[in-house]
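Naming follows writing order (A, B and C), and every chain is counted from residue 1.
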């Protein structure tokens, strides 16, 4: 099923950032992660632990200082156009309609106009966003904009690895649950791989197959936790699932130490 | 256990090495880039000056563009013999008087208008209309009304300043945080206390922004006045030199005006920094990821 | 059933009453403002008329009626039109040339960002010079005809359009660029799909701000050296103490600028319907 090397992989990755003042900071320390094909993997950890940096490396936007990042066994050099990327802020282009935004990836890959239109309209209908094709982003609510931004990434079917950086962060709690549910329904059975950054443990448990827990900066992977809950998952009642508490406690106890460490470092 | 401790120590030193190497690489790269930019800038400047000197007299009549050496000579001459100081001082006085009057009038008018119920709305078309008049077009009339000495230049400068300060002050008043206002009123603050403690401080950034934007306007007003009728000031200096086709002097005048403005900008930035010491530096406090 | 009807009837009555109250309040406020404005204008005109001749020399300040009369005579005798045409020509040609040059240079910078970094201090220096200081130079170079006015107006416009366009280019959201690059966009696509649409509102704002500047440039040119044009009329008439004519010409100038701004606003809304409704240009 999944190749032994995994579809996306990080091996002994280090990252050093040098600030304007010349101060060098290690953001990632000896990070190793193998993401299997079709897996949903979450990265959780305290703020500033480097999980977004790792995601950016998979996207080819940042290069590791040491170690290797590979996609389908090939090292990533330069921007990786074979992944999808969903950012925290929806970052829809405000001068394009919803349709124009959704078509963006297909446009960049040279898909002819009629086909683009048809696929975009179809995808929007699939997530229940039919009818808003000609509206502009500023006319939509935050939740709708986020859904459009996710559709914009998923529509490119040539891309089978989707990177998501705290996509539901800025949304209110109810909308977040609804979108988590929607994401699962869109992903289930598609065979696509998702790497998902979040600091919401419940969200991570609800969505993922595995959860990588980061230490505080410099970030390393403290532990990788299997989430052996049955699929399809009910995000609205995930906390009632048998086994949920055990997983939650395990993750939280790991995380709490790291958060306290990070807090201590700040206060120092 | 020794082996583990050894491994840990090795890992640690490997990390230190990585950190140091990356820091060194990045810093070197940045420094090189800066160097390249500065060298290109110096090269551009030299190329321009040489081209100017070469073209003067050969491609283009020296009368029109003069040449770098004559201009520098003319500049040094008027700088050293006090002519420059003589004229710049007048312009500075005209400009600062106009500026101070404009700022004060703008803020005072905004306050006065705000005290009258619906005052702002009533006078708005008048203010916008007055603002729309190209003030420079008023210059001849202002000179007719106020004579040929200092006053018309001062008023011209003030006219370019006052409207922007007025509108910005009003905008500042309008942007007071409604929640804070409500909270203070519940606390029982009187009208004047509200004004002094909340409204005026909230409007301060807007007022300061206006003050920064209008400083060049005051200079422009002063210079225009000098163009039209004057016997002193840097604008007069330039206009007089151009009427005699003394191109080197014209360029010298423009050069000194440039230096004057740049110095003025430096002073303003310094003042701003002193006044805003309590503000966080840009970029500080950002979460570093 | 009946109780429900009564309840909804009360609802309707309450809504109507609330609406009526609000409308009445607005009408009163609107009327008050209009009355206030009328009073203000009457007061100013009245004060002007009263002061002329009593507190100040009448020849110097003229009075509203005389200005109106001068305006009328300028129009009726046809003296207005050649001067108006001259100034409008200067403004329009100068504006178009300056705006085109500004947009062109800004796009060159977008295509070669390294050039921008090198040239930045030069730009700051050039921008620091009050453009009017160049006026005598330009008149010296281009003589007495219509050319110096056009170039002066163009220079004023160029700077504003250029700076605003560059501002727009610098305001590009790096997240947008990242997202589209991950989608596979090359350099040209990034420029077309992200940089251009981001910069255009800034460019348009610059073009609107530049309209009165074009007028200023043309008028200053006419002050310094001209024998035609509205600015020249303002200047020469005031020298002859013919204040009424001077002011009349001024009124026409303001009308031209106002019309130009309205026109440009209409073009803007026609070309860019994506703009949020009610977005006012900030005076700052």
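By definition in this document, contacts are C-beta pairs under 8 Å (C-beta built on N, C-alpha and C of every residue); 3 or more make two chains touch, one makes a residue touch a chain.
Small disclaimer: the values here were computed from a predicted structure and weren't measured.
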{"item": "Pieces of the assembly after leaving out chain C, positions unchanged", "value": "one piece"}
{"item": "Reference chain B; chain at largest CA-centroid distance", "value": "A"}
{"item": "Chain pair showing more contacts of the two, B-C and A-B", "value": "B-C"}
{"item": "Chain A and chain C, separation of their C-alpha mean positions in angstrom", "value": "47"}
{"item": "Length of the line joining the C-alpha centres of chain B and chain C, rounded to whole Å", "value": "21"}
{"item": "Computed distance of Cα centres, chain B from chain A, in Å", "value": "45"}
{"item": "Residue numbers on chain A that touch chain C, as the complex places them", "value": "59-61, 79-81, 83-85, 87, 89, 91, 93-96, 104-105, 107-109, 136, 138, 156"}
{"item": "In the complex with chain A, residue positions of chain B that touch it", "value": "11, 15, 18-20, 22-23, 26-27, 287-289"}
{"item": "Touching residues (chain side chain C, partner chain A) in the complex", "value": "173, 175-176, 178-185, 189, 193-194, 197-198, 200, 274, 276"}
{"item": "In the complex, chain A residues that touch chain B", "value": "14, 16-19, 22-27, 29-30, 47-48, 50, 52-53, 65-66"}
{"item": "Chain B residues within the chain C interface of the complex", "value": "37, 40-41, 44-45, 64, 118-119, 121-123, 125-126, 129, 131-134, 136-141, 143-145, 164, 167-168, 171, 206, 209-210, 213, 216, 219-220, 223-224, 227-228, 234-235, 238-239, 241-243, 245, 247, 250-251, 253-254, 257-258, 261-262, 265"}
